[in-house]
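In the two complexes that follow, chain A is the common piece, with chain B as its partner first and chain C second.
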Partner chain A sequence: MTTATTLPARHLPGDPSIWVFVLGDMVIFGCYFAAYLFDRGHDHELFLQSQQHLSQGVGAINTLILLTSSLFVALSTQAARAADLRAASGLLTLGGACGAGFVLLKSYEWYSKLSAGLTISSNAFFMHYYMMTSVHFFHVLLGLVILVILRRELQGSAPPRMQLLETGATYWHMVDFLWIIIFALVYLMR
Partner chain B sequence: MTSHVRNPLTGIWLFLAISTVISWWSGSQHGANSYQASTWVTAIVVLIALVKTRFVIRNYMEVRFAPLWLQLTCDAWLLCLFGLVADGF
Partner chain C sequence: MTQLRRNVKLDQLICWWSIPIFYQFFGLIFGYLTKIMGPPIPGPNLTLEGITAFTLGNARHMQIGIVLLAISLGFASMGTGVIVVQMRRMSGPGPVLAYCYLACGAAAALPGCLFCGLLFAVSVFRPDRDPQIIAVLYEMGFVGFIGCLGCFATQYLVFALAIFLDRRAIFPKWLGYMTLWNLVTELIAAPVWIFRSGPYAWNGLISFYLGVLIFVVWIVCLITWLKKAIKNQPLEEFDPACTGTLLV
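This part shows the complex of A and B:
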């Protein structure tokens, strides 16, 4: 709809520097995933046994929360392009609320695992689990700060800078898709 | 509100949410064989994750409107990820 009609045929969303960051992060997380799969290949049984201690339901709900958050942020970007700043700001707030929900649920999940004695030093699986999920967690926290900055941009007196909004949205969507892969590799694959 | 419901991005979200539930059901433990290795479960779960990721990258990140080099780079990354998983089986 608005995306197709208001964007030029070829348009790099956001500031070009965000793509250096995003592609760099994709390489770094790709290395994490490779290391995880390498270790998993060497002790498949341990990884399967350890995986049963994770809460697949919590992981799935967190996936749905981040997907919903991404939808709100994408709709907010479209609304801002259409100069509907009130809707854009409201949608961004909803996106941030979902992100905060992810943080709370993830914290609860860690708390329950740590309470059960499952720590980063328990075994190789939990080392990867805590490493990957905590690095991702900090990405979410940074993303929440960025969403607050974007919301201020939308509520300012000057017209919002679309490139800034697209840059922040690009970062937030990256946080979303990295979690999709973490959920599949760490929680579900057998 | 109605425009948001009819927005193609919302349709994509519905697809992503349903895929997540299918993936969750496939990868969760069912019955006595719950913790056995399964190439089928892994294949389903990983393929769904890669398809979902591509949808997020192309539609939410708007990479489908981006220059071709970026579209190809993102697809190459997904292919490498698939290769990494396939290599382990």
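This part shows the complex of A and C:
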């Protein structure tokens, strides 16, 4: 009774409705990015100077952590498809641990910026920085809750519902994808 | 028999109609008469003269709008009522989420409509008041109107959660996900308490225009699929004694 409920080999991953959310959330974040680029265009110098205060290293490590986390979640989904539920559950735990690492590192980064006197009302750059990263942070927290739900699904006595696993994984990849854009726009773009 | 079919759902259909009618009133009051929602919505960076001109320059329309608001505000409860009835039909979530939805709906009308109208009503009530006081009422009106998010955010959350847990598919799953967009737009409007200009101020691209756009798309979908839910409700769910009375 440990075989997973199977889905056709080629299909849209997860519940098709999750893509309504993914696309909508992309539009919302798209507006953020547009507003950021618009303000940046008006005061390029200020944005470049303020960007120097960010820790590129911490941002890069967080990007790696989140990418690794996404990899673990993808491998976990594959393992679940192959009905290897022990491996799937372990990989999911690793993915969640990486997500928790992101949360800790991000909190540390905010703490160090705030102690240096760089707050949300310092200037337009930091307004965008804190807003974008905190809305993304909220998405990560929600994602961690979803990963816990998926882990329970994998460890339950009934065969796991593949569609639920794929839906949760799709959300987690979206969170990862959004971070990559934020990292490129806020930390890297000159 | 067709007579019976229509009659058992009549109360729900009347309440359903109250929703589009309420939003017609809402648009008329906040968009046209009081101009509180513009377009364009006046911002936090108006000068003292600008604020007085906005509030007092439009005093007559403002008063008509607020009288209409005072009369029609309770309409919102009819819409909440019929949504709660449909939520109670769900199988999976117990009644608790429907009660949360009801409580949030009851509380949300105060910060979401009435509080703002009340403050503008007071500012035009005595036009010879000190402009500084008018400015305070103006700011309280707007930050309250755009910034009181909690009731709405929780209402969206419990509604989405109920749709996800429901095994009878009273509402489609994608409507649940769409409801989560609204939750996100409520959260990202939180900085209206901090910023006086830019995209996160109460008249900003993100805090206001994005939120309104997504809300309009969502409410149109909700109204449409709520009608379908009422239409698809099987007659067996109605009390036979009650339908018997209607037959007489």
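Quick notes on this one:
To be clear about the criterion, the second predicted complex is superposed on the first by the 180 of 190 C-alpha atoms of A that agree within 3 Å, B and C clash if a C-alpha of one lies under 4 Å from a C-alpha of the other, contacts with A are read in each partner's own complex, and residues count from 1 in each chain.
As a working rule, a contact is a pair of C-beta atoms (placed from the backbone, for glycine too) under 8 Å apart; a residue touches a chain by one contact, two chains touch by 3 or more.
Just so it is clear, the structure is predicted and the values come from calculations on it, not from any experiment.
In the superposition on chain A, A:Phe21 makes contact with chain C only, while chain B stays out of contact range. Of the two partner chains, chain B is the only one touched by A:Gln78; chain C is not. Shared-chain residue A:Arg190: touches chain B; no touch with chain C.
After overlaying the two complexes on the shared chain, residue contacts for A:Cys31 are found with chain C alone; chain B is out of touch.
By the touch criterion defined above, A:Asp43 reaches neither chain B nor chain C.
Annotation for chain A, partner touching more residues between chain B and chain C: B.
Within chain A, the residues touching chain B in one complex and chain C in the other are 34. Across the complex, chain A meets chain C through its residues 15-18, 20-21, 24-25, 28, 31-32, 34-35, 39, 120-121, 124, 127, 131, 135, 138. Every residue of chain B that touches chain A in the complex is listed here, in rising order: 4, 7-10, 12-13, 16-17, 20-21, 23-24, 26-29, 34-38, 41-42, 45-46, 48-50, 52-53, 56-57, 59-63, 65-68, 70, 73-74, 77, 80-81, 84-85, 87-88. The part of chain C that touches chain A in the complex is made up of residues 172-174, 176-178, 180-181, 184-185, 187-188, 191, 194-195, 198-200, 204-206, 210, 214.
Across the interface of their complex, chain B is touched by residues 1, 3, 7-13, 19, 23, 26, 30, 33-34, 37-38, 40-41, 44, 48-49, 51-52, 56-57, 59-60, 63-64, 67-68, 70-71, 73-75, 78, 166, 169-170, 173-174, 176-177, 180-181, 183-185, 187-190 of chain A.
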